[in-house]
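You will see two complexes here that share subunit A, one where it goes with subunit B and one where it goes with subunit C.
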Partner chain A sequence: MNYVFDFSDLQQYAGMIVHGIAITLALTAAATLLGAVIGIGGAALQWTGGRTIRIVIASYVELIRNTPFIVQLFFVFFGLPGIGIHIGEMQAALLAMTVNLGAYAIEIVRAGIEAVARGQYQAALAIGLTPRQAFRAIVLPQALATVYPALACQVLIVMLGSAVLSQISVTDLTYVANYIQSRNFRSFEIYVVITVIYLLLSILLRRLMNVMARGLFAGRQR
Partner chain B sequence: MNTLPLCSVTVSRRLCKIGAAFLLAAGMLHAASSQADALDNINKNGKVRIGVFMDYPPFGSIGPDMKPLGYDIDMADLIGRALKTKVELVQVTGDNRMAYLAGGKVDLLLSVGQTPERAKVIDFSNAYAPYYLAVFGGPKLLVKSNADLGGKTISVARGTLEDLSISKIAPADAVIKRFDDPNGAISAFLAGQAQLMVVGNDVGATIMAKNPTAGIEQKFQLFSSPDHVGLNKNEPRLAQQINQAIGQAKKDGTLNKISQKWLRVSLPDDL
Partner chain C sequence: MNDFTLWDMASNLLLAARWTILLSFIALLGGGSVGLLLLALRLAGLRRVTTVIDLYIELFQGTPLLMQLFMVFFGLPLFGIEVSPWLAAGVTLTLYTAAYLVEIWGGCVAAVSRGQWNAGASLGMTYLQQLREIVLPQALRIAIAPTVGFLVQVVKSTALTSIIGLTELTKVGNMLTNSTFRPFPIYAMVALLYFLMCFPLTWYARKLEKNHQRNITR
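Entry: the complex of A and B
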């Protein structure tokens, strides 16, 4: 092997790489918050709502979970303008990530709700809580505590999946890597650096979510 | 969109141009000594054989009626009329065309960009067709030069000559959106996700032809490498006749008509 590694050329792009990390993290954070709202809200509606609502939510979940993320992204960015809806690449990215994470989150939270023993809900009604109170105070907290690891894992998947956002010119970490590679042709060096950064981001994010879990579900973790 | 095959042809053609120049160098060693004057040969054969691309619209392609059509096909007719002889179109590829010329399988080549490497092994006529990169945009956008790009969004395929050319000259507040391939850049522009795009004039003409209602127009030129007629070295009589035909066609507006027909722009004044 005669390849001479040269990482020195990457120094001038340090600012760009930091920018890419910031974009990746910001989009992941925003999509996580919005996706969690959709996930919990959707699962709750599915639990309490009538037949029509359940069918609508199930259709959304099935549609998103059974199509590739990049196709959803292209539909938002390249497709929607065709019917007059113009949204920039950042908004398109956030929308696609949120809609995608939301669908998975609904399914995960739903599984958590079903895992809560039926007796818990009935006991809550028996001591005089309204159905809504019983759901909010008894069923949902237990459900979330149970499926939290799965939700956290889905957030990581969304962050790593955000690499395809570079396809619609979102200047995320992967876009920056592709850009640098197209300028100095040092593919090995830049992709090694980017891979390590993604790995560190994943580890840090998981640690952060574990810490959050201790606060959120104190005393409930089984 | 149908532009992807087109664009990949453009890219591979550029690569092929370089490789073919080397091939030709070998071929020349055989050809130079044995060949009589090319113009005599053309007259003796009663036809001029012209090498054209058939997979490179709008310069050369096969129409729905299976007949060749394009800028180069019209140009070949024009040469035939000037030499007062029949035209035989010979389909060539980027790989084989220089060898075809050196080996005497064709008398002339069309769509040849002038490069120092090629100038060592073949001669060029005067330029007969514009080939350049340009900034394209919608009709309402007032963009005439680099400075007007400030605050505008421009889509390009990352790492291409288009990208490098526009990145070099665009002001700092221009937003260059880079996509993985030309198709992505063109789609983003057509979807309104970028106000301007940078593509070759050949691609631009095809996009304009397919989207006649969008009113897309060429804003200004970037990198330019016009097309020439390629011919073997040491053929002064043939070269003179070709240049005369090109000069005449420029003067009487024939070439301008061909340019407007296939490239949808007038022939540049400096060609």
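Entry: the complex of A and C
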């Protein structure tokens, strides 16, 4: 191998790379918040809802979990305009990420709710809480504390999966990598650098979410 | 070019699904072999080897699969290896799948109690004999459900190879869209085909999981 690696050219693109990191992180953060709302809401509906609601939610979850994210993204970005719904690439990206994460979150939160002992709910009812209060104050907090690691892991998967957003020209970190390599033809160097950045981001994000867990579930995590 | 009927599109996509299935098999076989090898190395318990394998897992689980594809696609030519999309996809998916399987299977081996190893040792078995005759058969039974479940992720991840130009299901979907301008039905059909490939695996994994739970509680 007589290839000379040359990273010197990359300095001038530092600003672009930072911009790419910001886009990737911002989309991940927004999708996480919205996805968590869908996850908790969906799992709650599945718990209380009738048969029809349960079937609708289960179909949504299975449909998303059994198709690739990139196809969901293409369906949203290219498919929806085909039936008259026009959205920009950022909205399409956020929509696809949220819908995707939401489905996994529902499944994870539901598993957590099932893991909370039935007796906890009955005890809550016995001391006079309404079913809604019992769910919100007793069942849900325990369920979330139990499944928090799984949710955090799913957020990481969504962050890494967001690399395909570059395919619909969202200017995320991967898009920046492709752009730079089309300029200076130092493909391998730029992909090494961006891959390392992704690795650092996922390590940092994992740390951050562990710290958040300590605050959110103080004294609750087993 | 608008004389494509829906049936023409569907049959083209169906034919393309073959390549998605083939790719998934390559990933499973390649990743399974590499994963098994790495697992055996990790179980041997040499600290330095374990550290290297853990780094490998961290690297492949902590970076986007798309980046890994690009690295292999643009990296291998530097070593004088000519890369076709198939080679790049095969290598990347193998490494990616192996990184997950080592961890999944490692968990299954850990689930076999320590006493089983010791019992083997007390019968005078060597390390490899204990692994082959006692621990692996038991771990294998535990491993089936999570492995089938992980297969869903493998099938879905093959969709990314369309980006480096491999003509599988997603790529054919893109090509059909470009020539017919009917993205809505095409991507719906692409998604449906993936669903038809993945859902049986999801369902089967769940069923195995339930059977396993029942056997434990009994």
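To be clear about the criterion, the second predicted complex is superposed on the first by the 222 of 222 C-alpha atoms of A that agree within 3 Å, B and C clash if a C-alpha of one lies under 4 Å from a C-alpha of the other, contacts with A are read in each partner's own complex, and residues count from 1 in each chain.
One rule holds for everything that comes next: contacts are C-beta pairs under 8 Å (C-beta built on N, C-alpha and C of every residue); 3 or more make two chains touch, one makes a residue touch a chain.
Fair warning: this is a prediction, and the values are worked out from it, not measured in the lab.
**Student:** With both complexes superposed on chain A, which partner does A:Q167 reach: first (subunit B), second (subunit C), both or neither?
**Tutor:** After superposition on chain A, A:Q167 lies in contact with both partners, subunit B and subunit C.
**Student:** Which holds for A:T195: it touches subunit B only (first), subunit C only (second), both, or neither?
**Tutor:** In the superposed model, A:T195 contacts subunit C only, not subunit B.
**Student:** On the A-aligned overlay, A:S182 touches which partner chain: subunit B = first, subunit C = second, or both, or neither?
**Tutor:** Touch partner of A:S182: subunit B, not subunit C.
**Student:** May I ask you to decide whether A:G88 touches subunit B, subunit C, both, or neither, giving the answer as first, second, both or neither?
**Tutor:** After superposition on chain A, A:G88 lies in contact with subunit B alone.
**Student:** Thinking of the overlay built on chain A, is A:I203 touched by subunit B (first), by subunit C (second), by both, or by neither?
**Tutor:** The answer is second: A:I203 touches subunit C but not subunit B.
**Student:** Examine A:F78 and indicate which partner it touches, taking first as subunit B and second as subunit C; both and neither are also allowed.
**Tutor:** In the superposed model, A:F78 contacts both subunit B and subunit C.
**Student:** By residue count, is subunit A touched more by subunit B or by subunit C?
**Tutor:** Here the partner covering more residues of subunit A is C.
**Student:** Looking at the overlay, what does A:I127 touch: subunit B (first), subunit C (second), both, or neither?
**Tutor:** neither
**Student:** Once the shared chain is lined up, is A:T67 touching subunit B (first), subunit C (second), both, or neither of them?
**Tutor:** second
**Student:** Do any residues of subunit A touch both subunit B and subunit C, and if so, which are they?
**Tutor:** 78-79, 81-82, 166-167, 181
**Student:** Once bound in the complex, which stretches of subunit C touch subunit A?
**Tutor:** Of all residues in subunit C, those touching subunit A are 58-59, 62-68, 70-71, 74-75, 78-80, 152, 156-157, 159-160, 162-163, 170, 173-174, 177, 182-188, 190-191, 194-195, 198-199, 202.
**Student:** Once bound in the complex, which stretches of subunit B touch subunit A?
**Tutor:** These residues of subunit B touch subunit A: 155, 158-159, 163, 177-180, 184, 187-188, 191-193.
**Student:** With touch defined as at the start, can you tell me which subunit A residues reach subunit B in the complex?
**Tutor:** 77-79, 81-82, 86, 88-89, 166-169, 175, 178-179, 181-183
**Student:** Which of the residues in subunit A come into contact with subunit C in the complex?
**Tutor:** Subunit A residues touching subunit C: 1, 3, 62-63, 65-72, 74-75, 78-83, 156, 160-164, 166-167, 174, 177, 181, 187-188, 191-192, 194-195, 198-199, 202-203.
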